[in-house]
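Given below, in the form of structure tokens, are the structures.
Paired with chain B in one complex and with chain C in the other, chain A is shared by the two complexes that follow.
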Partner chain A sequence: MPIDLSSVNPNLLIILPPGVLAVFALVVLVLDLYSQEKRWLAGLSLVGVLLSLVALWFASRPGAVPPGDYFGRMVTADHFTFYMVAVLLVAAGLVILFSMDWVPRRLPKVQVEYYELVLFATLGMMFMAASRDVTLIYLGLELSSQASYILAGLLRNDPRSNEAALKYFLNGALASAVLLFGLSILYGLTGTTYLPEMLVALGQAPLPLLVTAMVFVIAGFGFKVAAAPFHLWAPDAYEGAPTPVSGFFSMAPKAAAWAAVLRVFLEGLSIPQVMDKWSVLYAVLSASSMLIGNLTALWQTNVKRMMAYSSVSHAGYILVGVAAAARAPEVGAGAVLFYLLSYILTNAGIWAALVALENQGEGTEMADFRGLAQRNPALAWSLLLLFVSLIGIPPTVGFFGKFFLFRAGVQAGYVWLAVLMAINSAISVGYYYAVVRNMFFEKTEKPRLELGSSLQAVVALSVLAVLVVGLGSSPVIQYAEAALGLLGR
Partner chain B sequence: MLSLIVFFPLAVAVAMLLVPRTQEKLIKGLALVGTLVPLALTLVLLSRFEVGSGAIQFQEKFVWIPSLGIQYHMGVDGWGITMLALSTLLFPLAVLASFGYIEHRVKDYFVLLLILETGTNGVFTALDFVLFYVFWEIVLLPMYFLIGIWGGPRREYAAIKFFLYTLIGSVIMLVGALALYLQFPAGQRTFDLIELAKLTQGLPVNALTTFAFFALLLGFAVKVPAFPFHTWLPDAHVEAPTPISMLLAGILLKMGTYAMVRISHPMLPQVARQWAWLIAVVGIIGIVYAAFAAMAQKDFKKVVAYSSVAHMGFFLLGLAAGTPEALAGGYFETIAHGLISPLFFFVVGMYYERTHTRELEKLGGMFLTVPAVSFVMAFTAFANLGLPGLAGFIAEFFTLVGSYQTWGLWILGAGLGMVIIAAFHLILMRQVLMGEKKYESLPDITPKEITIFAPLAALIVLFGVYPAPVFKVLDPGIKVLSALLLGG
Partner chain C sequence: MTPVFLVAAALAVAGALGVILSRQPVHSVLALVLNFLGLAALYISMDAEFLGVVQLIIYAGAIMVLFLFVIGLLTARKDPVEREAGEPLPLQRPLSIAAAGTLALLLGGSLLVARFGGRPGVPTGFGTVKEFGRHLLVTHVLPFELTAFVLMVAVVGVIVLVGRKQA
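The block that comes next holds the complex of A and B.
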């Protein structure tokens, strides 16, 4: 039976997805006090994420919520919001799923806190992606960041985890301050925090001050997305944080930060005088992230750390799209949005494998991957496909993601950046290859590596999605490119 | 039909995954079926192929990513169907050559081999750049593992070198294609190779089209491989197991040559005309340099590998010349080489299986030890050096005649190369076949080996004596391309 929602206030409908998530987060928090057995609460958190996705589906149906701003212009209903919230929820769901076996083993005392923090972080990110007001974007960023700092330090007896949390916190706090400083200059110049109004008012603002603000905002976001040279916290945070948490970091918070970058720069700072400036700045950041990330990753012996540098280089690829968006907004932003999805889908399976190794009491060094093809051929071949996707070789989703970025870059006139990205994809083979070599060409005496059912599900979903979303990318990229089109720019 | 030819091996590969590892007989049977069915289907297509028509035949077109002008577009003309036929012919032979040779991880091996066939068949039939690129890259991974797992002692190095060279070339080629695609206003943009070529032929020669041309050419030249991008080839060949060497030389190199006549040259003939001299120089250097390099090798397989590089030089020379005869000769060279070089690598394998060495010093007097195998070797060597009456001669003859019209006496460089090629083949034969017996008794040729030798040898002789059918199939495409390259 079709459910008629036309009589429901769209204000309620648009915050239904975060609302559902918030309710579940609180319910789980309370139930934690009364239940001895904690495992089912993980399941309940997952149900919350799924129901939130269902709510999103309701809200995003054409006609359910007319495009526009709600809640006093704080929450925006458009394709961009729907797309990003869906991506973030998928990421959160996958993270909860691959943590289910790991958490009871490594964090027996703070099991539910773990899921709580993941849910609250996701909640913050959803608001980051869903708002055109820098106040809410900033609040969302802080909510997700605070939760993330604690997540990084959950292994309380492990000094490395403490180090990771402290580094992440200090750098993150600095980044937030820098970002806030930039945003406050913008507010001072324009007298508004609402991006579309800011755009109109910017025309009269003095250019030097505007550029100063822009540089601060770029630097602040640069920290959050770990673009070189603002990436120095990432390797330590990734290596020291609990493995599923590192996986979470590589997937969700960055995606939300990218969403905020697109919002702020395309809707707030898109007057011609500054557009070219931030475009070039982002292009330079892109080049340095790709090169520094890839070249440093080549020397890593710990896979978590390697994935940190790999994520720096992927931030560089995404920046190609951001830089291009200044000159070709729909194409550039569409490519970025698609790439975020592709990166999350691919990364989920890889981090699941790392979690699986830790579940069996092993580490995440390169050497721990030795002979994985013997120990679990299906996992080894799956990982191979996922690395292929990260490199960007067809027929995987990573290829299509890179393809759209290439297209955006070349269309915006950044041919040199596209060529650099092409070369960097080839460089990245070097370190993914190190893992593949260990998996397939080295021998081991270790017993078979067993994956629990939830980990199997994540790997299978990841592999399936990498193939299906790749070859069937047509509707996704169309939706992503329309994300900005709806705003009446 | 074309889709079936392309995807049937993949479907068999997926089915094979479900077969337990221990059922080796079933796996081998499936591998044969998976490669023989495409061959049979291709023969059916050949019989229905309308010779003399320049049109794309057996087309299949479906919407894939409409907002970007990407389609699932398959189809063949003379260029494509000859390569498709070559590919579908060589795969069953390679499967046959693997029986008794590949003994460990049999299942993995055949699964990868079948995926490889899907990739190569797809490259020769795809008519949309993105689809083409997908198939082009699908070839990469199976080949990497086929060399890396079942290869010789330095297999890992050879495999990753092959992988990196090709990958760098192909991603830059992708940027080049995108640059061309984006030259046109949003409504006209298409990745359809035929449609896009019609548009790009009208572009002026400027920095961007020159960049695009060389970006495309780089991707293809690495695969061919053209001097100076050839260094991955000897390594890959030496380490690869025999059946994979056969495929590498027979089919994978042809992906590059096919792509040049299908993509880079028809799309930007105006740029190609300006830089024809460079391609000719690269071709001639390739011939002479590789011939000398082959002469210096002590490893049988490396000799054959360098001779591949030399022969591909003839293709480049013919392509650069652009006259109908030169194009026909050059492309015929790729077909002839596609028949001869797999046989040659197979010969190396036959000796290796008997003596467990490929070092020329340790071979000798083979005419006395294994006369039938040695006859095959002599036949192949003569075919490879371009003996009249065999396919290689026709190719080189037409290439030189055609190139003379464009390059005049400069082709003497290639002529010199031919002499050196002949010389090192004769030296090779002396070392392997003549001299003292080094082995007392070795088993002579087996029925399996005859089965692989016979069809290839028959085609080499047939095309050497009567090449007309191939030329007839290629003719319309050659006329069009030649008109473009000579400017009209």
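The block that comes next holds the complex of A and C.
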């Protein structure tokens, strides 16, 4: 008897970007066994990411894939998917690019595994962003998390790397369990894992159980995006993990987790009875992340650790948009999506500078930045611009990102949160300035810092993007706000 | 109360008793195999054929072999791991009685609900190999494939982190 396949609704174009990435990851994995010279495999991984972007461009042309759900309602074709997958692929490409000189030096024996794991993690994240079914969102999260745990521990002979991997693994596994528990309560209440159907069925669900499930899901995602008070693993994981890996952590997995947060809460849990509740909870998380992240970052002497706390505070800023999205969905979610892009573009250059220092055998302490303006003026000025973007001063992309979040907060009635965000941006000047002061006002005897072509490319791309995307932000924010309009609401 | 049910249930209970009553760990494991056989027969008698077959292949087959390996490796050492009989852990008995009581309450409650609650039963075809296959390879084909990648990443991770390749 033939099996009824009509419910599958396959579409090869929508699956092509992750498909290309998966094929390249597997090809790199196999070629690793047969090639003596490993460096070109890094280039091949980068080609995979770029081809995946090309495939995404084909799939995202208007009319190429009709909006809807494919493969048994597992993969969704909408602006949200296209936008987030593009952001994740850009992040993965930048990470591979700034790792190319570092990996052969520090991880000579597991060079190719590094790139494979980055590709596998990106694959998982693409499915997290592209699905409206919590089964696939969870599996994508699991794939990206497992690859991330391994990446954190790649420096096997460095106890701090081991510590980072262990802490990240234990906290991450706990977070996954908590998240899965919440999701399974939701499944038990509604009988479906498909978010739009869940939304319809939630109306009849008893409120106490629903709120319990919601709190578990918020806590689970809170760990993954390192929002205070669920951030305690982040500083140790960032400091101990190999430097390019920490850069990867601060860019890609968090962006994917935010995409999942928006999907689950705006498409699955957006009935009025719970919307206000999660909105307020996220607002509280936002305030605590901003304050704890920024105030703790002021005391750090290690720049990797400082960037970890900085990323906690940025999670707080993004949460302003998430909290606002409950009351003003298009504006709030659009601001979050735009901020994710701006954060990734800005962070790429800063982590490239940290990688450059390690490439010359130096550390990532604050003291290692002394006299950087002498040693490499172009890099120092680029870093200054990137920090300015992280603080949120015009005309950089960071300013526009914060501006959109601020606007969303005010529109949703969270004026106090928006004001708190402005105050925290001012506090953050303190620790970014510490790096800038070391770069420009301290003298050093050290020789010139050479970047190498791939790191130069990342810093240049990052600076260029910070200016171009900042000044030309209106099409991007329009696309991001339209992304939610097509979520099927 | 079919004869199949009676025989299978008796087998399962006998196996479960054997697990906790035997002194030798190996005997416990073999009793557990008996318990699993009884459970598999129960599943199949209730039309959950897939669950029954999986119970046999995975639990009685693979996991029990793992148990036997572990016990074989542990007891191969000189010092016996056996704890003196008649010396329970502190609070062992009250805690186990409380756990058993809770379980009995839950089971009794769900039995009453199933009998008189009027809840809808499972859909027809639930638990058959065909239905399971349809879910796995038609509606959930992408998650199924992604699981393969999750396992692959785990394998790569094991080789990288504990393999002979030194970083």
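Everything below uses one rule, namely that the second predicted complex is superposed on the first by the 478 of 489 C-alpha atoms of A that agree within 3 Å, B and C clash if a C-alpha of one lies under 4 Å from a C-alpha of the other, contacts with A are read in each partner's own complex, and residues count from 1 in each chain.
Simple rule for what comes next: a contact is a pair of C-beta atoms (placed from the backbone, for glycine too) under 8 Å apart; a residue touches a chain by one contact, two chains touch by 3 or more.
Note that the structure is predicted; figures quoted are calculated from it, not measured.
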Discussion item. Output check: A:Phe120 vs chain B and chain C. Expected answer is one of first, second, both, neither. What do you get?
Written reply: second
Worksheet item: After lining up the shared chain so the two structures overlap, which partner does A:Ala55 touch, if you call chain B first and chain C second: first, second, both or neither?
Response: neither
Worksheet item: Given the touch rule stated above, what does A:Phe71 touch, chain B (first), chain C (second), both, or neither?
Response: second
Worksheet item: Regarding the shared-chain residue A:Val264, is it in contact with chain B (first), chain C (second), both, or neither?
Response: neither
Discussion item. On the A-aligned overlay, A:Phe403 touches which partner chain: chain B = first, chain C = second, or both, or neither?
Written reply: first
Worksheet, complete the sentence: Across chain A, the partner (chain B or chain C) reaching more residues is C
Worksheet item: When the two structures are overlaid on chain A, which partner does A:Arg156 contact: first (chain B), second (chain C), both, or neither?
Response: second
Worksheet entry | Which of chain B and chain C A:Ser425 touches, first, second, both or neither | first
Worksheet entry | Partner chain B, residues of chain A touching it in the complex | 384, 388, 391-395, 399, 403, 406-407, 410-411, 415, 418-419, 422-423, 425-426, 429, 433, 437, 440-441, 473-474, 477-478, 481
Worksheet entry | Partner chain A, residues of chain B touching it in the complex | 64-68, 130, 133-134, 137-138, 140-141, 145, 148-149, 156, 160, 163-164, 167-168, 171-172, 174-175, 178-179, 181-182, 208, 211
Worksheet entry | Touching residues (chain side chain C, partner chain A) in the complex | 134, 138-143, 146-147, 149-150, 152-154, 156-157, 159-161, 165-167
Worksheet item: Residues of chain A touching chain C in their complex?
Response: 3-5, 7-8, 15, 22, 29, 71-75, 107-110, 113, 116-117, 120, 123-124, 127, 133, 135-136, 139-140, 142-143, 146-147, 149-150, 153-157, 165
